[in-house]
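This is the structure I want to talk about, given as structure tokens.
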């Protein structure tokens, strides 16, 4: 009976969504969305210049946002305040995990004793994955990626060390200090924007030429901050999951 | 035309993997099906021209979330623990 | 240039196909790991060389990818083989089993 | 096609959320719902034949058609929030197991 009720509820919900999606002009069918009516068109155009006659790669200077990656421009420039709130949500969830699982001393012992090859090889792989994470974080405004996947890559390199060596414990205090300092830096960046331009988290640096590494104003700085913050948060979550209640 | 066929195949496989993940009896098998579902959704994101989302999902969905599930099962079931 | 890169790509695809065939045809988990690892390492290398001939400006990134493969592939396969040994025992058709004594010294095999 | 698949995946996850009585299965169904919702939101902005919204030396001109970058930015943050909620839920599951020694909701209560 309960299953039938759940099925009916789910089907009605799906039919309602499908119905309302089809009779709205803004949401055309799959594959023919019309961007002219949406706010996204102005994000793509970057119409900071007077005559909006297109953007030239490696040359355009006076753009509204100098990032080659439009998604990054939205996340870290146009909607940076949103991202600040989102990073706060992640901080609160990692704080909640730390409160729930408690401060414990002992690690869960794995049955799998690591041999020599696994230990040495995972150290080498750790460096490669860490460098990939840093690369992805820094080049967020040019290539796909950015602070969020870069931070997750840093955390997964820590996960590799935790899995390969069953004695390994990272210094949790260092992660917590790094995370707090990065959060403070984000706020300081926003306040600097407030003081210089009059708006919180407004870009106050030079945009540079589109497509070069030192461009896009403060987007690389924001993404480095986000990368370190996300990486340290997820690493501390992993450490809490791999330890058990102290004896 | 090829893209259309690929979209249909990916859609059917996504639904199949979700059904298997929900209906499997063993919890660890469910977690593994969830991991493959997440990996397949990366293909769906790439087909819809969203490389940023695909990269993030590939790192987080199939790496970190799966490891968190496995750690929970490991700690509670006493699977990998010494006597 | 394109012909050279095409030849390398075809060789790489052939190695991948042989690796897949090996995974289907081999009788044992250990043999399958061997087929799946060795053939695909070589296949990945020749595909990377082929791509490097086609786009010479990508060479540095391709070299990094090759470094990652040469580090991660043997480590992963050895960890997989050891986990298989622990869970299901060694291969059935061998005469000597040195790993059993080696592991027996440090920890009892389940 | 992928839009309908995302919607169906969402419905499947919701059905699993309503009918399962196992804590781990509930969190798993929540994850499936999230993946389906992400696919659905991205599919709203998809333009067939459009380019990915990243300028490079090949795809620069504004005359090209790009897919909608705004849903992608929203989903990018939603995925990272998803790992936070999953970690919190699994921490709760771990504490529940430490108290009741089971994951099934029906078997709890007698301690």
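Order of writing sets the labels: A, B, C and D. Residues in every chain begin at 1.
Throughout what follows, a contact is a pair of C-beta atoms (placed from the backbone, for glycine too) under 8 Å apart; a residue touches a chain by one contact, two chains touch by 3 or more.
Because the structure is a prediction, the values reported are computed rather than measured.
When the partners of chain A are compared with those of chain B, the chains appearing in both lists are D. Note: centroid distance chain A to chain D, computed from Cα atoms, is 15 Å. Between the CA-based centres of chain B and chain C the separation comes to 23 Å, rounded to the whole angstrom. Remark: chain C and chain D have CA centroids separated by 33 Å (rounded to whole angstrom). A separation of 11 Å divides the Cα centre of chain B from that of chain D.
Shared interface positions of chain A, i.e. residues touching 2 or more other chains, are given as 69, 71, 111-112, 144, 146, 148, 152, 234, 237, 241. Among the residues of chain B, those in touch with two or more other chains are 51-52, 56, 60, 64, 68, 72, 75.
Chains touching one another form the pairs A-B, A-C, A-D, B-D. Those residues of chain A whose C-beta lies close enough to touch chain C in the complex are 111-113, 115, 117-118, 121-122, 124-125, 128. Residues 4, 7-8, 10-12, 14-15, 18-19, 21-22, 27, 30-31, 34, 37-38, 41, 44-45, 47-53, 56-57, 60-61, 64-65, 68-69, 72-73, 75-76 of chain B touch chain D in their complex. The residues of chain B lying in touch with chain A in their complex are 51-52, 54-56, 58-60, 63-64, 67-68, 71-72, 74-75, 79-82. In the complex of the two chains, the chain A residues touching chain B come out as 69, 71-72, 108-112, 136, 144-146, 148-149, 152-153, 155-156, 159, 234, 237-238, 241-242, 244.
Residues of chain D that touch chain B in their complex: 1-2, 4-6, 8-9, 12-13, 15-16, 20, 22, 24-25, 27-29, 31-32, 35-36, 38-39, 42-43, 46, 50-54, 67, 72, 75-76, 79-80, 82-83, 86-87, 90, 93-94, 97-98, 103.
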